[in-house]
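Have a look at these structures, which come just after this line.
Consider the two complexes below, in which subunit A is the common component and subunit B and subunit C are the respective partners.
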Partner chain A sequence: MISAQAYGENGKMKEYHYTGPVEHKFSPYAFNGGTVLAVAGEDFAIVASDTRLSEGYSIHSRDSPKCYKLTDTTVLGCSGFHGDCLTLTKIIDARLKMYKHSNNKTMTSGAIAAMLSTILYGRRFFPYYVYNIIGGLDEEGRGAVYSFDPVGSYQRDTYKAGGSASAMLQPLLDNQIGFKNMENVEEVPLTLEKAVQLVKDVFISAAERDVYTGDALEICIITKEGIREEIVPLRKD
Partner chain B sequence: MFHCLPRSSVCENDSPPLFSQWSAPFLRSFMPEDSTHLSGGGIHGEAFSTRLPGRGGLSPLEFYMPIAEYLTESPINFGQTSLRSAPTNLLNIDHLHPSLPSISLPPPTPFPISPSVPLPFTLSHGTTTLGFAFQGGVIAAADTRSSCSGLVACPASPKVLPIHSHLVGTTSGTSADCALWKRILARELRLYQLRHRRRLSTGGAAKLLSHMLHPFKGTELCVAATLCGWDGDDEKDEEPITDKYGNISTNQVTSSGSNNQSTSTAAAASQPLISFTTQQVVESRSRICGPRVIYVCSDGLRLKGELFSVGSGSPYAYSILDSSVYWGMSVQEATAVAREAVFRATYRDAYSGNNVDLYHVTAKGWRRRERENLKEEYYREKERERKRVAERKAEKNKEKFNV
Partner chain C sequence: MALSCVLEPALSGFNFENSTRNIVLENGSEEGKIKAPKPMKTGTTIAGVVYKDGVVLGADTRATSDEVVADKMCAKIHYIAPNIYCCGAGTAADTEKTTEMLSSNLTIFSMNSGRNPRVVMAVNILQDMLFRYRGMIGAHLILGGVDCTGSHLYTVGPYGSMDKVPYLAMGSGNLPAMGILEDRFKANMDLEEAKSLVSDAIHAGIMSDLGSGNNIDLCVITKEGVDYIRPHKESPFNYKRQAKYKYKPGTTPVLTKTVTQVELELLDETVQMMETAGSS
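== the complex of A and B ==
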């Protein structure tokens, strides 16, 4: 098992050359890469993620999607440290079941977001190294996206990118969906087809420039009919 | 693979008998699910006294992580009246003044000096927030940029959070800490209101927050909040005196904030209520109504004042505020000054920017002004500057011809 000591702050590998005696400290975290993206529309929500699981210079798996279906109207995308992702989703599933059994109804997206925030903050001093984005429909049927930081700070957005390529994707989304800083532009509401096409384009671009993103793209489209999945191949190199 | 570190290398001081538990196998103290257990108390109670069932048969593969107990306590449950942890709680709060909100403080933990787990990511910091009181209430304003060591994590994050109808708090520091602690504070204030049938004053809320944050002093928790509120007149004038014994006197102590007041009423509180003169009550009550601004910091600092600005952009905001804020200003003036102060701070500080959020708290409650995008303001400023330059040029040309 490769240790996580060679990683710098942002998860990328530190320099390879020997610079003198190095003190190796055990780090319980590892960075497994991956990008997650969510977009909310009038009556739909899209959560997309790539399926590459990497660590350092190696790829562990090409088929490890990062979207987890929580309820019929909510999907969670988590990227970061895969071990924490797995445990976190297990805990959320358990809490959802508990809620269902004691309250006799499914948790709404907003409630799941608030619950996830407290779960993450419960580990404030030894956080889950996971970047979460929840996409789903709220009680009125409108699309909702909630983005989190690793310790539980969250808010509702229209679109958000998280994970290793987030810094590359977010500005693109700001421009295309948020129409930020554009002059003389007609702001048309986003349709489902346009949103899906945009997500595919955006991930293809991300796979070009980010080494941790690639292999395949899994898109979960959430509408009131249910959750539909689409798989699109990406660069494998 | 986790290493089994010898106990002595991590905990330098002699742990009291209570803490013989934390050197127990990793599996027990590290269970993430425990901290999120629905039934109140959770890990807080269990970690100290109870033993998990089936702990006897430990396989040799069990390992332990040298984490201090406080790392396994969920800050969410903290501050709650935990019914189950009472027998295990060393700090017996019964002998404390009955009017204090019943917080179950954790036992004074001798925190080991071992550094907490080094994080591979940074948390959001950097901001400009301000709050000041004037004759028309309290203004609380903040920018909306949430940055994460160079990257703008969120350009539209709310930094002024309403806590209850008459109290608003500005947040600075780690956004997760601020958001969650505000939630915890709102919960505690609501419980107080339900139990004692009156809202806790701003001073009381500030003290409560400060005491809740105190056990985390020295950890990387970073919260710097300015509580801006209006302490109201109680509609039921006479009732408070005859109502809860001992309650009212202590409330006045917490809300007045001035030292003289607290010493005199503290002495009076121990005596029967009958001897409490109406004169003192009337005097103290007039002091507890009105706008209040109190700064609370996770270091433990709690300051009552009239004007505060917090964050990386605060020096720039202070320069505008110090020159323009005075008690008698009108609401429009105050709003304009607050907005200008945040704007100037975003102009100069790289970590502040995007929009301005403005809240105005009066006796009727808080009111939120429309979030304003500062980009427009920059363009307007540029336009004004261009006009000024053109004017100056015209003046110069005129002079030239006149001479």
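== the complex of A and C ==
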């Protein structure tokens, strides 16, 4: 749109922006918005995402969840460019099947995380524009969260937020789950009920202030019984 | 600060003193490149409709700064004159200051001539100013008012273009709003019909456009007066948080504490009686 600069290069007055040659460039990426969040507990993991798919100022879909179930104990949340999210999940599904057929067992969360890191780094020079967070149970049944950057760097966390409202959610989680920046606070271990309630509250706040987050919230709760889904409405405007 | 204003009166118009400095800062060495702060835009839906007895203007109340909602209850319908109101979309500061300047000019005119300003005058002054600044002032405005010649609705663009129309929508949400207006607009509607049409048009903008949201403000202008309804419709999305996030005293550590005594000299003492009659 219009900027308030009166001067362009060389100190001359900037031309009207519609006269003169304009350079158009095709960008292979688009930003489709969305926020993903994962929390690991003693014997559970939660992966939550909003369900809004947007582009620019428009909404493509109000029902496009960003959590993808990989195995009975692992869920992947990916936000960023939707085209790359779809392709990446297809590739991961195929690789999971291949592993199952050659090793006769399901991939563990840690193994999926390591594999995803190599898949992402394989495209180091034309990256998948995706912010991934894997949530699941490790071999001992404890909750595990692995967070990635678009080119494959990853680490195991207790909680992580990714996507458009990540900068708003992460400090809040640092305070409420990590008990950071506080003193004289009783550090109680996180229960499943408290974690779910915190995730719901935190997404309500994100939907208030981030235009790309809203419509509905899908929470995937992973325990040794399996994966349970909960859908909560969020702001639609 | 106050002293500099006393010694030299502020220059009128825009001040370009810092332009060369800004260019140097922005085009500086690779590490030292500093980006100019981006002005806050309102990313809006505004609409206006002429009906039987006057004009109905409507606006949403969300102001965005890129992708973050900066203000959930900002007022986009600005007062110009007792019989003229203006909705503004585009750069927030530009719409505010432009409408304030216009309002001051018209007040001075009213005092000089003893007449109520006409809507065409407001439009001409705006056009003049925006054209002179060659689009640098990012103000997309919808002006509506009732004067001795009738009810009028105008739009003024940032480059100085003007359009006189019976119904109108502007801002980033203007396409969905215009869809509703095109479908249901009729000439000479009555008040309730006109209010519901404008409200639905803004609602369409709020639901379909990410830059618009929260509540709907309406302003009804007639020969008799103005009804500024803020908010006309509150956002139905009022999801309450399940827990209270309050911190006990002592949560933030106090590292050092210094107490400084400030000696004050009693210069003047006055007593003001409070009006307590009639209050419980």
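A few remarks follow.
We adopt the following convention: the second predicted complex is superposed on the first by the 215 of 237 C-alpha atoms of A that agree within 3 Å, B and C clash if a C-alpha of one lies under 4 Å from a C-alpha of the other, contacts with A are read in each partner's own complex, and residues count from 1 in each chain.
Keep in mind that, in the parts below, a contact is a pair of C-beta atoms (placed from the backbone, for glycine too) under 8 Å apart; a residue touches a chain by one contact, two chains touch by 3 or more.
These numbers were taken from a predicted model, which means no experiment stands behind them.
After overlaying the two complexes on the shared chain, residue contacts for A:I227 are found with neither subunit B nor subunit C. Touch criterion not met for A:L116: it reaches neither subunit B nor subunit C. Of the two partner chains, neither subunit B nor subunit C is touched by A:L37.
With both structures placed on the common chain, the touch criterion links A:V185 to subunit C but leaves subunit B unconnected.
Applying the stated contact rule after C-alpha superposition, one finds that A:T87 touches subunit B and leaves subunit C untouched.
In the superposition on chain A, A:L53 contacts neither subunit B nor subunit C.
Of the two partner chains placed by the overlay, only subunit C lies in contact with A:D201; subunit B stays clear of it.
On subunit A, the patch touched by subunit B and the patch touched by subunit C overlap at residues 1, 7, 9, 11, 181. The residues of subunit A lying in touch with subunit C in their complex are 1-7, 9, 11, 16, 54, 56-59, 164, 176, 181-185, 197-198, 200-201, 204-205, 208-212, 233-237. Across the interface of their complex, subunit A is touched by residues 14, 16, 19-20, 22-23, 27, 36, 38-39, 41, 43, 62, 64, 67-69, 72, 90-91, 134-136, 138, 158, 172-173, 206-214, 235, 237, 239, 241-243, 245, 247-248, 250-253 of subunit C.
By the touch criterion given at the top, residues 1-3, 32-33, 35-36, 38, 65, 67, 70-71, 74-76, 116-124, 148, 151, 153-154, 156-158, 174-180, 219-221, 375 of subunit B touch subunit A in their complex.
Contact residues on subunit A toward subunit B in their complex (touch as defined above): 1, 7, 9-11, 25-29, 31, 87, 91, 94-95, 98, 117-129, 147, 149-155, 157, 167, 181.
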